[in-house]
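Chain nomenclature is as follows: A, B, C and D, assigned in order of appearance, with residue numbering initiated at 1 for each chain independently.
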Amino acid sequence: MSRISLAEFRALVEAELPLVRIFGIAVEDLGRGRAVLTLAGGEGAMRPGGTMAGPLLFALADVTLYAVTLSIVGRVPLAVTTNLTINFLNKPGLGLVRAEGRVLKAGKRLIVGECSIFDGQGGGLLAHATGTYSVPPEKA
Amino acid sequence: MSRISLAEFRALVEAELPLVRIFGIAVEDLGRGRAVLTLAGGEGAMRPGGTMAGPLLFALADVTLYAVTLSIVGRVPLAVTTNLTINFLNKPGLGLVRAEGRVLKAGKRLIVGECSIFDGQGGGLLAHATGTYSVPPEKA
Amino acid sequence: MSRISLAEFRALVEAELPLVRIFGIAVEDLGRGRAVLTLAGGEGAMRPGGTMAGPLLFALADVTLYAVTLSIVGRVPLAVTTNLTINFLNKPGLGLVRAEGRVLKAGKRLIVGECSIFDGQGGGLLAHATGTYSVPPEKA
Amino acid sequence: MSRISLAEFRALVEAELPLVRIFGIAVEDLGRGRAVLTLAGGEGAMRPGGTMAGPLLFALADVTLYAVTLSIVGRVPLAVTTNLTINFLNKPGLGLVRAEGRVLKAGKRLIVGECSIFDGQGGGLLAHATGTYSVPPEKA
């Protein structure tokens, strides 16, 4: 079972992470070591060429891995990304995209996860990320 | 000499990359294989804990490497990130940050670069990224 | 169906990639966009602390993604890694480890894949890698 | 000043990391937060196409960052790589290559560094890596 509830995680990011509102990121589902989030897209998400800007997909992956991390360690706002690698695989449109994150390793100090981002329509794989969150010592 | 002028690159991202306006990204300097950009920060840049959200630093790194890429291949809007790895090194505040990008390899099809992001005040190193841009075949 | 046979891939790496013999890497299975390889381990694989050295797991991941790539493009020896990110998740012993690779994107010029490395005994996840192979232009 | 001497680091890896002998890795220089190592190359280093196999460059980068890490934390054999990203930039020959590593962040628990690998002849940049070492809690 997740150590943070869906409602509690939503409240945390809505209050303290403005970019979820800016980008239209929504937390759809949360379980221990897994999370599903979406990003709305739209005109503001555009990059040259008319596809979705990579940083939006990165933001979605990062918040998804934050959800995965807090599902394991509980409400520790200062869990922070230490590094993240993202591969952009297929050109996204400007519509809804959907991220599925899962834990790869739940250590005491480091949580490693992966995140796959799919097109909200056809479901094609748009991007894949792996990242590490560090849990502050007092909470580790 | 850069194959895209500073004015031309600024015009491109201001017209077709809304997130530069959303995040307050400014292109300060551009030469062949190198670029300097800043990001303004502010309340909207916050993450839980009161520091700057990682995706903003990623966005800054990604646009910086886009500038580095176009400085080499010229105005090819559809040059796209194939992958990017970012390491977050020190906690950023919410003020101005400054990115310095440079090319590591200028291939016909792939441009690899690195980007260091510094605090706008003390100048401490906040993040480091390496990434690859792919140049579309017709232009490669 | 794989565009290179298991026998043909084995022959290629046994003839031209000495580290498969040095490290005891064996190609177990190969299909289109997927491959299973093992690495024997042993005393020579040790690192300080008595666990398996990271570069051996990297070597296994890299050869696995090479197999995945050639399964898609056929016998193109000069397909080369452009980048690879590996996360070490759990301490390996010195015994057999097993890698499962699969394609994430099969582009004309770039093949992106992921590889999970498991303990040969208990099956725990030891490492995870994502990497990109570049296919030379004449073959792309 | 480095918290491990050049002689002490050499002795550690020669005794407990067989791959330095297998690959001909030599520790040339070591200072606080920086290290220079070389790898001899030769026939055993080959990959299909006649260039140097990527895993050898990875091994060199990994041992270089291990030296950088121990230069900061002292003789802590169980400092381990948590992740490493390597970009292969130019085709290496089979001769000597030279790695220069430096620290990007020296945290209590995580040491982040970067490593550039150069051709031993002309000095061209062959590969670039960034990686993170984790220092075990009792020593952190």
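Keep this in mind: contacts are C-beta pairs under 8 Å (C-beta built on N, C-alpha and C of every residue); 3 or more make two chains touch, one makes a residue touch a chain.
All of these numbers come straight from a predicted model, not from anything done at the bench.
Asks: Find the chain most remote from chain A, comparing centres computed as mean CA coordinates.
Replies: Chain centre farthest from chain A's centre: D.
Asks: Out of A-B and A-C, which chain pair has the most contact pairs?
Replies: Higher C-beta contact count between the two pairs: A-B.
Asks: Roughly how many whole angstrom separate the Cα centroids of chain A and chain B?
Replies: Computed from C-alpha means, the inter-chain centre distance equals 21 Å.
Asks: Using CA atom averages as chain centres, what separation in Å is found between chain A and chain C?
Replies: The computed centroid separation for chain A versus chain C comes out at 28 Å.
Asks: Hey, what residues on chain A touch two or more of the other chains?
Replies: Residues 82-83, 85, 87, 112, 132.
Asks: Any idea which chain D residues touch chain C in the complex?
Replies: 12-13, 16-19, 22, 43-49, 51, 53-56, 58-59, 62-63, 77-78, 80-88, 91
Asks: Under the definition above, what is the set of chain A residues touching chain D in their complex?
Replies: 82-83, 85, 108-110, 112, 132, 134, 137
Asks: Mind pulling up the chain C residues that touch chain A in the complex?
Replies: Those residues of chain C that touch chain A are 85, 87, 89-90, 104-105, 112, 114, 125, 128, 130, 132.
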